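Below you'll find a set of structures to go through.
Consider the two complexes below, in which chain A is the common component and chain B and chain C are the respective partners.
Our next item is the complex of A and B:
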């Protein structure tokens, strides 16, 4: 049999963002894949060094749409570490709530797109409708459907009064029943199983080799979660179960994401129960001395690391971040080999790649 | 649950989308939309322009006073300006009707002029501290604070040295 090369991307109907895959195929089967990145590089890292610390809160939030809140939270944490700021206890809980609402919306979006790629659009619409509850929550509590604007240096800039707490609690409760149904469909539906079970397998040992993070790692049985390994904000005071699946295939990763939505809803309810009263941010405008810090968080796609160095001025001397998709997309080499051409978009989607924050 | 049952249930529920533009649509109170500026409350500290990531806010001195200009087409509606504004002279309203014709793009601005005051001491032109700011700084005012508010920074320093007998 002869092999030949087909290009997928950088602009392709099945790809949500630009990425170039050079795929060697043997008939219908993928023999190897070459990944070529860099199509949406915008120089944001350099741009952050031209903007002051306040402007960067907004700028980092706009790196990525789906994990937008993880970026400013981690950035502010790094700044607070350098300045030695201890943020109020209530702010820690409010940061968890903001992060977990984004996780609900992000994970549901990814599993919905999975259904769409399979061609199961009625399921896609149903999951997106459930996700709409989270979107309405974000718009009601924070004022925007994507960019929450929840963070400031030294705390948060939104508060939950009794009315909003009731609303949030009700909406989370409302999602639970729908979510249980959706999880059941992803677990047991024959059409889903036909396209996703045993497709794009990343075995446990390969997952360790490639140091994948987030739901991709947990789908291959690696119980790594920054929220429990290196707790930040209020996570050490909350009960955070680490969700894992052992299949290592497209379905395992989707199931991890759906179960993590359930965990996220539970975490929001724990926060609402345990959150103390008090201030939501420190007063005044803090002075940021020269120094450097690393901050980590568990974004919806996995471990997000921020490195920040300051020189005593009001701008970062260097700001660098390592996003989870950077670790995950290399594992596509393993996942794609031996699969069919028609499964390529499905496998790419299963790592939930965020190309805009990886290439920034 | 069986997918067909779920579809039947969704069919019975009817459409989930809003009827807009023929009906009302979901607009929560906290929505970050069109920006409104109140010159009566502005102290001219320019912190809003400092924190604005998109450089959408500009101040310039005009004959009428300090002019505030915000370009809605540059604004990201992040709300940092409102958050850091001590006197809340900037407010993000829940008005999201920002669609406009190409020819109107330069008119999509919010503008206001902070009227200058004359110093009660030397008569020079100054940006007067607004009552909202002194209320924040001193809570309950007194006659001395009220008097100091009418002075320019130089006269205020003089008044501080001489114990307010200017």
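Our next item is the complex of A and C:
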């Protein structure tokens, strides 16, 4: 059999974002993969060190669209740790609500694209229509459909009055029946199963070896979720079930994401039930002393970690973050080998990759 | 602290001092400075034996241009707790062992800091460029003057000095 090398990307019709793969194939089967990155490397980490702490809240939110809120939340948490700031209780709950609304929209977008790649476009439209509820919620509450502008150092920049709380609760309730139907299709539909079960498998031991995180790890049976392993905001007071699947394949990762949408909706409703009254932020512009801190959060794609070092000036001495996609890319080597060429876009999509986050 | 971090603390060798702080959620963050770069591999091996995972690596440029040392911070996750080991290296010609024999995911982290800073990683299995194009010389951030510094700070200061001199205002 003849061996070919096929270039896939960076501007390939089947890929949504610019990553470049060199795929060695034997016939229709993938033999090995080489990943070539750097097409959207913007030097954002370096830029943050040229801007003050307040400007960086805006900059970090623009790293990525789908998980945009996770970045300023985690960045502000690192600053608050260094400055010893204790944010108001209500702000903790409002941070959870903002993050979970983003998770709903992000996860549904990924599973919708999966249906589109398979060619199941009626399902794609169904999922996107359900996701539109989350988009409307963001637009109504925050004024934007992607960047929420919800965070500040010492709390949040938005509040929910009684009317908006009722609206949010109703919209979350409205999504439940559709979600149950969508989950049933992803779990039981024969066409979905044919294209996703046993495809792009990442066994449990390889998932540990590649140190993958988020739904990619949980789809391979690793029960690690930052919200329970290293709680932050109000997660320690909420009931957060950790969702896992054992298949390690494309469908397992999609099922984790869909079930985590259900968990996110439940978390939002828990917050609406338990959120105390009170201020949403501390007053003034706090001074950030010299120090260093680690802050972590569970972004839609998994563990996001920020390391911040300050020297008493108004700019970070060093600000580093590692996004969940960073390790998940490398695991594509395992997921792709032995699979069909036609499944490449499906497998790449199954890690829900974010290139703008990865390359920064 | 979690059992994994406790297990690691039990494996500390002479000279490894870990300072820990636990927040109100019960999450512990530990910090350790390794004065000898040769301690990195045994330190990381002890983390792995305790059940740890490499989270990420932070290399950075000292702000002081005359600084004789530079640092790399290695961040490990131990079941939710985080342990950071900072290694001090000479500012020029820094070399460090690759962590890839212990933690596979060190691969991309090490490739990334090699292209940005003047640091060589010994025994890296695949020391190719990660993000920066292969035609650009390495140690980008150590060598190049940022465009923003060149056009904003430098020229603006000169311009204002000239304006102040012309208007007779020395301030």
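As a convention for this text, the second predicted complex is superposed on the first by the 360 of 360 C-alpha atoms of A that agree within 3 Å, B and C clash if a C-alpha of one lies under 4 Å from a C-alpha of the other, contacts with A are read in each partner's own complex, and residues count from 1 in each chain.
Following the convention adopted for this analysis, a contact is a pair of C-beta atoms (placed from the backbone, for glycine too) under 8 Å apart; a residue touches a chain by one contact, two chains touch by 3 or more.
Predicted model, so just to flag it, every value in this text is computed and none were measured.
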If we overlay the two complexes on their shared chain A, which of chain B and chain C does A:95 touch? Say first, second, both or neither. neither
Which of the two partners, first being chain B and second being chain C, lies in contact with A:149: first, second, both, or neither? first
By the touch definition at the top of the document, which applies to A:227: first (chain B), second (chain C), both, or neither? neither
A:103 in the overlay: touching chain B, chain C, both, or neither? Say first, second, both or neither. neither
Which superposed partner A:71 touches (first chain B, second chain C, both, neither): neither
Does the superposition put A:301 against chain B (first), chain C (second), both, or neither? neither
After lining up the shared chain so the two structures overlap, which partner does A:116 touch, if you call chain B first and chain C second: first, second, both or neither? neither
Between chain B (first) and chain C (second), which, if any, makes contact with A:46: first, second, both or neither? second
Hey, which residues of chain C end up touching chain A in the complex? 23, 25-27, 29, 31, 53-56, 58, 60, 63, 73, 75, 77, 79-82, 84, 103-105, 107-109, 129-133, 141, 146, 148
Chain B-touching residues of chain A, taken from the complex the two chains share: 51-52, 54-59, 61-62, 122-123, 126, 129, 132, 136, 139-144, 147, 149, 152, 157, 181, 184-185, 189
Quick check on the complex: what are the chain B residues that touch chain A? 1, 3, 6-7, 10, 16, 26, 28-32, 50-54, 76-80, 83-84, 92
In the complex, go through chain A and note every residue touching chain C. 37-38, 41, 46, 50, 81, 209-211, 226, 229-232, 236, 292-294, 296, 303, 305, 307, 309, 311, 317-318, 320, 322, 326-327, 329-330, 359
